[in-house]
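Following are the structures in question.
Next come two complexes, and both contain subunit A; in the first it sits with subunit B, in the second with subunit C.
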Partner chain A sequence: MTPAPMSSVARVRRALTSRAASAAAIVIAIAWTVPTAGLLVSSVRPEERIMTSGWWSVLADPTLTLRNYEEVLFARDGSGQLASYFVNSFAIAVPSMVFVVVLSALTAYALVWLRFPGRDWLFVGVFALQIVPLQMALVPLLRLLSEGATIGGVEVLPAWELRGAFQFTPVWLAHTIFGLPLGIFLMHNFVAQLPRSLIEAARADGAGHGMIFRGIVLPLIAPALVSLALLEFLWVWNDLLVALIFAGGSVEVAPLTVRLAEMAGTRGGEWQRLTAGAFVSMVVPLLVFLSLQRYFARGLLAGSVKG
Partner chain B sequence: MGFDIQAELPKLLWLGIGVAAFLAVIGLLLVIVDRGPRCRRDWWQAACFLTPAGVLLVVGLLYPVVRTTVLSVRDRGGTAWVGLDNYAWMLTQPEILLVLRNTLLWVLFAPLLATAIGLAYAVLVDRSRYEAVAKSMLFMPMAISFVGASIIWKFVYTYRPAGTDQIGLLNQVVVWLGGEPRQWLLDQPLNTLLLIVVLIWIQAGFAMVVQSAAIKAVPDDIIEAARIDGVNAWQQFWRVTLPMIWPTVAVVLITISVQTLKVFDIVRTMTGGQFHTSVIANEMYNQAFRYGELGRGSALAVVLFVLVIPLVLVQIANTRRTREAR
Partner chain C sequence: MPTLPTRRCATAAATWLPLILIASGCAYLSGGGTGGADPESAECAPFRQWQETSGGTVTIYASIRDEEGQRMQRAWQRFTECTGIDITYEGSGEFEAQVQVKVDGGNAPDIAFFPQPGLLHRFVDSGDALPLPDPVRERAQRGWEEDWLSYATSGGQLYATPLGANVKSFVWYSPEFFADHGYEVPRTWEEMIGLSGEIAGDGVTPWCAGIESGEATGWPVTDWLENVMLSQHGPEVYDQWVDHDIPFDDPRVVEALDRVGEILRDPEHVNGPFGGVGSVATTSSQDAGQPILDGECAMYLMGSFYAAQWPEDTEIAEDGEVFAFNFPGVGEGTETPVLGGGEWVAAFDDRPEVTAVQEYLATADYANRRAAEGSWFSAHSDLDLDQLHNPNDRFAAELLRDPDTVFRWDGSDAMPAAVGSGTLWRAMTNWVNGADSEDALGFVERSWPRNE
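Let's look at the complex of A and B:
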């Protein structure tokens, strides 16, 4: 392609636009990274430096320490104890992610490839559930899980009185329920793209739906499963509201987000702890994000409405 | 040093048991399903595949929606019928009117600015040499929790009295420019706008990624034709690119609007809803879970739901139109 001949005025104008454009892009890029950089730098500065000088003065006064992390992760005097909360975040996010991904794939398969009347209406119903805000479900679901349910005097669900690690179960359940509508919707898009001839050939060979799902469909939609798993993991890891309500604030079950929000409220001025703590909560999502960015973007592109 | 690995083992053990048990049940289900009857209609198969998710969705979402709606016309304990009192309360309390106004501010500013910044950035870095790195920079906040982002920005807004060294970036910039440092999060409505900045900062990356994909899908020959007609970059954006990707822009706007309506973490972490910054989702949490006002909390949830519905309807219509166009 040869560029059309330009007048000198046009050329000057184009050069100016492209320079202004680059400048604008750089300004945005800086605004989007500097706040995080400030947090990181501060988290490795000694307490008295954080409190008395800006983190940008670190170049003039490069005293660095890992003490903040040590304190916020392991000290028992109520200053963080984030290591335990870190384990909790994992114990909440991993099962929730597995449950949502597997159940979504299973349900999506049934809604695409099984033949039964009302199938499409069921899918529309699941699609519609995506719009329900979490807030609509919180009060009744919490009551159901903590007080149980009786229908006509018969106890159909006993009240759960969970202790210790078993307290994770309601949190898993809540996250699974809230993740399913979007998960099923995303998986439906992928499962529906599989060629009809493939499924029908397997049927003709005598394979049942269970076998087709396990042996053919799951391997074929593996990349989509990874995308959904990633979205779901990040979403659960970063969630505050569901955890606040279903896990409470105890060190036995509460995830990092709950602990950090609490620290921001009660120890709002202790920046040495808040900065290190915030980074502890960010490190896993950032690693996951940087290593699997492509899957993450694909998941976002496939469906962007989260209930 | 107080970290006790022994105290953490039960958690990991229960994690392992939970996942293993779940996978075993699903594996068993997949075996059982093929043992069942095979007829023209897949009733048995559908029952096996759909029951787990079906039960969860009915018990965990459908029933609660109905229940919350019922609770919204009952009193604080959820026992006596009070008609529309909870809704009337909302519209007569100055604090709650303020909450509604704040939510309106959020919905007006956050989606529009996040989408615009994301779009501008996507256009600016499109086909540049550093496109991938540049995109990652804007996208990175998407991976951070709202709580983490709130702490990052709370630090940017920190205040130290005039005359001493500032530790918050915003006040330092103000001081460099010759101004007086301020306690940014105390004065309304500026504080709400500063909280909105945090959401824009998080969501712009999402807007950028989705819109960038749409820009790349604009056929080259259309751009080429416009260029041959002597259109400059500015005109090309407004007359060619934007009309072509408009459906995507609309989807992004609405998706962020829905997110914005439900915003909770940012307000809770940065101000706790104090200094007149509360929003609907935050107030709902306070009423239902802190003050034990189930009726009022439920009514606020219903309002949130009603506000979300039209947005999603537009979204669905939009999706259907683009599907048909394809």
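Let's look at the complex of A and C:
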């Protein structure tokens, strides 16, 4: 490239690392954090204080309590019970994440290294599916699952009568379907960057596709897998819409988000519970993100640099 | 790159964790199920007629959730134990949107509780909601007045039974404060305006008002307007107005709105400790009534459900810290106009167990059990008033069954949604902030859907 754009990039870089820019970044970071901090402070204040004064008045009147947490987590039926919804959230998020990651990696490998007719059309089709808003598919998919499908008088798919833990199946299926287009696209780009010579050498040594996938491709795309898993887990954990429609609100299947949305009571009078409830539901994404963030950064970087 | 052992660990965890969770999930799910009661015992006597129904599960979907939802489930628990019919209840804040999705998706609940007749009629028109089976219809006609049932009637068929009720023509006040200053509960509009002037003369702002409610900001003004419409012009004109048989900006409506302005837009009369008229639109409807407890304002118009907003140790009684009186009539009349609302029980299925549940919910036995759980009343004519522990619930229930009472449903819930929960709220917010009465009502008139 010509030197002119380089120097303009360098100028931008200098501008971004100057003292003023750092100060601005700090101000933005603080402004961004203040509402969350306020929520945290509110969650440890007694109910009547939350209702009558702002969280900043804690400085003048430091009365703190863990009652809100106790109420949302373990209280008698009605107000809390978040503990059991916590389990549901895991039961929805973990399998959905595993399905998406496994299927995406397999599909990406097939799209890149298997020769079959219509391969490019398939990739473009998957790519195009990303722009279909999932809201459009909600009702047809729900109808397919609850009524089955009949084409020309022949029952192609029977209606599902799900009991027990299998009540999670529609949510898993929905999240997997909605997560796959992006997952496949991301994984495809990683897998396509692997050096062709590596795969060909393995093939020359007599390795089959299964062997190549497990022995060579998987270890090489591990950072990308982790970042996709992280992305998918956070997405499913924070989802309300899909869960509302495919899981419903019963205590057996509803995740934390659904419970959180109802926790303020029929007329919204008990909103002090939301403060503690929000933090309970935030704990897991925070832990997951903090413990895996180096993979996350590495996975994103790996995509940005042409190998 | 992760080292091999950690990766193996992670892989193992990723493989086993779901399985463990599923297994534990299975265990805790299959552990459910309530202990059945002996069907022959005396406790089960009221449920004998439904015991021939051979069990089954009935799903109910509604907007009632949390504490209120739990109380409701406790009220029908004995029914489920004695008849072997399981009820799976789901309450959601997204009810109004989700029930449509569920029905469209072929996943309709067996029974839904509709908080607005307008929403119910959408499903009646589409043919999804079923007309009441004969035994349920007979119970409904025995339990409720025609004033109520007419809201669930379409083409001569009854589609739903009423469940709970609320009264939206309550004016909350402090009996202690009134007694201390020698004020009397007003019985006519003129007395109420006179009383407001008297309180203002004593240095207290007589009214609290707050119409802020997020997306629904403005709805409390619709209650004001409906109350005045009903008590000034009578139920016939009120019905014509709600059904749009007369224009929304008819001179009679303008007159009623101007009358509301005598209180809501008079700086002498509002707004307690919150500020002047300008603060009405920015004060939350949940908080607006609270200064009554401190004697900083004297009256607040808000539905019977406001009882739950008072701090837990507040004494709600006719001679206590707070109580309510019914919105007084404009002019002379023997009838007491009462504005209110409630829920409707409609079914999307007619399996015998669904009909059994629907029939039970229309009985006085259910009403009494629900009332005994607290904070609830209904317009059921056989409801045992002694089950109502809260004096305000009892007052409301007595009001509803008084033969002089003319009951009308909250009009904005019965209007098309585009108006009743859209332009009307906006217009009323603008009006409180100073817009002209005729302009505000004309705006609503122009927004009324033309094809209806």
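One rule holds in what follows: the second predicted complex is superposed on the first by the 260 of 307 C-alpha atoms of A that agree within 3 Å, B and C clash if a C-alpha of one lies under 4 Å from a C-alpha of the other, contacts with A are read in each partner's own complex, and residues count from 1 in each chain.
Just so it is clear, contacts are C-beta pairs under 8 Å (C-beta built on N, C-alpha and C of every residue); 3 or more make two chains touch, one makes a residue touch a chain.
Predicted model, so just to flag it, every value in this text is computed and none were measured.
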Original post:
Which partner does A:Leu39 reach: the first (subunit B), the second (subunit C), both, or neither?
Top reply: first
Original post:
Of the partners subunit B and subunit C, which touch A:Glu270 in the superposed model: first, second, both, neither?
Top reply: second
Original post:
After lining up the shared chain so the two structures overlap, which partner does A:Pro219 touch, if you call subunit B first and subunit C second: first, second, both or neither?
Top reply: second
**OP:** Please indicate which partner A:Ser53 is in contact with in the superposed arrangement: first for subunit B, second for subunit C, both, or neither.
**Re:** first
**OP:** Tell me which partner A:Leu64 touches in the superposition: subunit B (first), subunit C (second), both or neither.
**Re:** neither
**OP:** Could you say whether A:Ile245 touches subunit B, subunit C, both of them, or neither, answering first, second, both or neither?
**Re:** both
Subject >> First (subunit B), second (subunit C), both or neither touched by A:Ser146 >> reply: second
Subject >> Overlap of the subunit B and subunit C footprints on subunit A, listed as residue numbers >> reply: 51, 77, 87, 90-91, 94-95, 98, 138-139, 164-165, 168, 244-245, 261, 264-265, 268
Original post:
What residues of subunit A sit close enough to touch subunit C in their complex?
Top reply: 48, 51, 77-79, 87, 90-91, 94-95, 98, 138-139, 142-143, 146-147, 164-165, 168, 219, 222-223, 244-245, 248-250, 252, 258, 261-270
Original post:
Which residues of subunit C touch subunit A in their complex?
Top reply: 1-2, 7, 14-15, 17-18, 21-22, 24-26, 28-30, 32, 63-70, 88-94, 98, 101-102, 104-107, 286-287, 305, 308-309, 311
Original post:
How about subunit B: which of its residues touch subunit A in the complex?
Top reply: 1-3, 7-8, 10-15, 18-19, 22-23, 26, 29-34, 38, 40-43, 45-46, 48-50, 52-54, 56-57, 59-65, 67-68, 71, 117, 120-121, 124-125, 128, 134, 136-148, 150-156, 158, 164-169, 172, 201, 204-206, 209-210, 213, 224, 227-228, 230, 232-234, 251-252, 255, 258-259, 261-262, 264-265, 268-270, 272, 281, 284-285, 288-289, 294, 297-298, 300-302, 304-305, 308-309, 312, 315-316
Subject >> List of subunit A residues in touch with subunit B within their complex >> reply: 1, 4, 10, 13-14, 17-18, 21-22, 24-25, 28-29, 31-36, 38-39, 42, 50-57, 73-77, 81, 83-84, 87-88, 90-91, 94-95, 98-99, 102-104, 106-107, 109-111, 114-117, 119, 122, 126-127, 129-141, 144, 164-166, 168-169, 172-174, 176-178, 180-181, 184, 208-211, 213-214, 234, 237-241, 244-245, 257, 260-261, 264-265, 268, 271, 274-275, 277-278, 281-282, 285-286, 288-290, 293, 296-297, 300-301, 304-306
